[in-house]
């Protein structure tokens, strides 16, 4: 074997370019990376920072449309970039393995899970196929997959997302590689599932003393997994340090700003003036009932956060309020009146007073209309504004969302993610609503941009007394913006109350599971949580 | 019952229903005929009696649904009715049965189509696969431009260019594809060489482009990238990871193009005066021999529906989600 | 720049903006795209422009009248008759020039009509999504189960071939394909959040269609128009060639091929005479190739909504 002091992976001065819009753009601009055997390095950065590209570069792989222009990737003494692809391929899947973001898409639908798990080991003739199968079953077992002896006989579409992600970890582990690249492996999962997958991955990496690169945009997740953290931005390294010191004392301004995001917290206040109330609402898509007698109250000028995992019915509740999905039972009260269930029975004034902002600002704006068209339409439609008056109001609205008039003739494609969401907020404001329904409005944004949007929403609430029904799955966002919290699970409301009440124990069982699953920025959080849960199970 | 069987049975039933609706549409076209067509068929000198007798024979005195039922019953028995031609004003009837007219020609057409398919399908799949594998290479680009040009040409242009070169200037093949039943196989093949080449050129261009598109679409899937990152070689990626998922799109491509062959055959048969069903149909359209037109249309549409049905069934039985339900 | 929210230090909105594409006007962008167009697209555009020119100015460009008959049928190529005369002594060049006008004109009217029917119904079906959508979609499925050339032949055996019946029959048959595409792309747009925003505002259906949906389905429909045009053009040429399409004395390329086909036999004696029937066929081919090249490039530009077919 090689000298113990020599790093397993040494990447120096990596430059990668990508081809788009008929020319080459730099993606990675001279990054160095070093990894010792058994070490776990976290790479963190916002979208477009080049994390995934760097992760794949560690295998000497560039996606189609990308190319290396400079640098070395020395893995265990050989520069991968000087090898022929057929030689590099011998290392892939055997000594360096990859765990992709979306397990559902990364498994071949035509083959059984176990055949895909042992594919690399079998190809490299590491051991007889029978042994590999037995080994795969053992891996499934140590990853806490249900029915490990038989789950491999299934096809990818027959198991859940969280299970697939663990099978993919088993697949990476099957040839006992020296290095695994985890590329945002838990991003697509619900929090309660994420905890299980994280725990399983960490355990197995520890057990086999495998080196790993863990790529994510979520600080608290990387804190659980990594020994060291490298912060990446615009294809360049910002800084790198040991996890604990990075969390407690970041050096660079950019890193500090990333860290400080989670500190925003609105002081709660209560009110008995209810602007919007859902009373015993049942709703169904076709024959499947999604909401079972839910009650939600939204006080005037306050924010009620509706939290729950995918499938909990929180977005369906919003569709009932907007009238897109008329309820089958119950009533919606708005400003003391019964709101007609169906959109087409509501008066223009009722429509004006309830506005909606969406998760994907991209699809919420017509790509062929300018910012001016987008914001001006509600002014014309609801307020009959024309000419000077309309222009005046447009500028006021832009000022409210902290943009200037130079944006008026831009198309959505010419705006950044945060700016797009601001335009959507301006469009909602233009109607002068009482209630704005915010459906995961910050989930698609980078953390720093999220912070800006949340602050803007809070300021607008103070100035105009707007009430928000704020739908989200992210507890940090809930803490930041809400006065009251509604917890939903499987189409039912688990509880509603003031933020402080809901967030302090004792909790109902589901709230407890949900809250405890949210990762914290503490490297010991996962260990502590697992011990606590084991302890409870042992009792 | 296994869900795959359920899906297949549903698809088969849909095919049968479609065939019935299509037959009803083709049948009801006769009701759209102008009132005086009896005279048109029998000639100006036809007496009222002969016209009335003719209308009665067609069943025009009965209501349409009843006529349709009768027609379906006789079609099921292989009786496709009687041709309009050979009738005269005097009421003399030398007309032939449609089935009798069609049978030998259908055999000829099927022969031409099968020969073409045997050459075209493997060739197109090979070209499409290789173009997808080496996409954006000079090979891919030149195949792309050539096929785009070929599919833009009318079939008769391709046909006449071939005649000009291989029959007129350089007498390799006969320009007229006349065949009869007693002809030996070798001679037959020689006679149909030019029509078969014409059809092959057109079909290969279409099929190759669609195969290439289907494969490229498949190669963009994340699981293909994953297979590469697991160290699979190029051939392994194609054979083990792409192909098992490619049967459905490839079957669709083949069925679509064989169906296209059905239509292309009409024009090509006319160019080469080949005694097939396409030529018969065109002649009957010109002479407004409705029963023959209906029978030919029914055969063409039936083939078309059958081919699409087969492609769908292949798609169903190769879909792992249906084969291995949750 | 302008995004001056109270953000933590280290965040710079100008950097966020800087990563974006520079703003250009629509004309500038079209010109840029045009400059980068491949050779095949340029070739296609020039050929199409040439055809349109010939079609528009046929009476001025043609040396003789459309149906003018001269003494010698099948005259050889010479100064008086550039490409000779046909089987009853009409000037081939003249017929070719008028043929451009007739064949292209009829194909264009047919395609427009087919888009009017198919596109209109497709939009309605996509937005309505109720029994009407069900009914139209099933009807189209059935119509498409009959190959359109065969269906056209059946209908032409019933209604006598004339320009009007030809246009109507082909337009109706072809509109099924336009319906399918329009419905599919319109459904993709209709589920977008911005359409929901308009509905939540209480906008009328017509306004939603005109302002939110139509502008976003135009690129694929424009490309489809090119493809449908060449298809309709080929179908009409094929029907005329079979003798059941455009009827004499109207000059058209399909029937010209049919009428002069026998000349091919004489190619070894007089090559010029031999290729005479190929001239109108080549004219048909060249135009469809040109249209296909342009559409291919356009589809490539507006991100392959559909690659081939």
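Going by the order they are written in, the chains are A, B and C; count residues from 1 in each one.
Throughout what follows, a contact is a pair of C-beta atoms (placed from the backbone, for glycine too) under 8 Å apart; a residue touches a chain by one contact, two chains touch by 3 or more.
As the structure is a prediction and not an experimental result, all values here were calculated from the model.
The touch graph of the protein chains shown is complete.
A count of C-beta contacts for the chain pairs B-C and A-C puts B-C on top. The most distant chain from subunit C is A, comparing centres defined as mean Cα coordinates. Centrality by C-alpha centroid: the chain sitting nearest the overall protein C-alpha mean is C.
Chain centres here are Cα averages; for subunit A and subunit B they lie 51 Å apart. Averaging Cα coordinates per chain places subunit B and subunit C 24 Å apart. Between the Cα centres of subunit A and subunit C there is a gap of 45 Å. Taken in their complex, subunit A has these residues touching subunit B: 56, 59, 61, 63, 86, 89-94, 97-98, 100, 102, 105-111, 119-120, 123-124, 154-155, 157-158, 171. Of all residues in subunit C, only 40, 141-142, 145-151, 153-159, 230, 234, 237-238, 241-244, 254, 257, 261, 264-268, 271, 274-275, 277-278, 281-282, 284-285, 288-289, 291-293, 296, 307-309 touch subunit B in the complex they form.
Remark: subunit B residues 18-19, 21-22, 25-26, 29-30, 32-33, 145, 148-149, 151-157, 160-161, 163-164, 167-169, 175, 209-210, 212-213, 216-217, 259, 262-263, 266-267, 270-271, 281-282, 284-286, 288-290, 293-294, 296-297, 300-301, 304-305, 308 touch subunit C in the complex. On the side of subunit C, the complex with subunit A involves touching residues 2-11, 13, 15-17, 19-21, 23, 36, 192-194, 196-197, 199-203, 211-212, 215-216.
Residues 221-223, 225-233, 236, 241, 244-245, 320-321, 324, 326 of subunit B touch subunit A in their complex.
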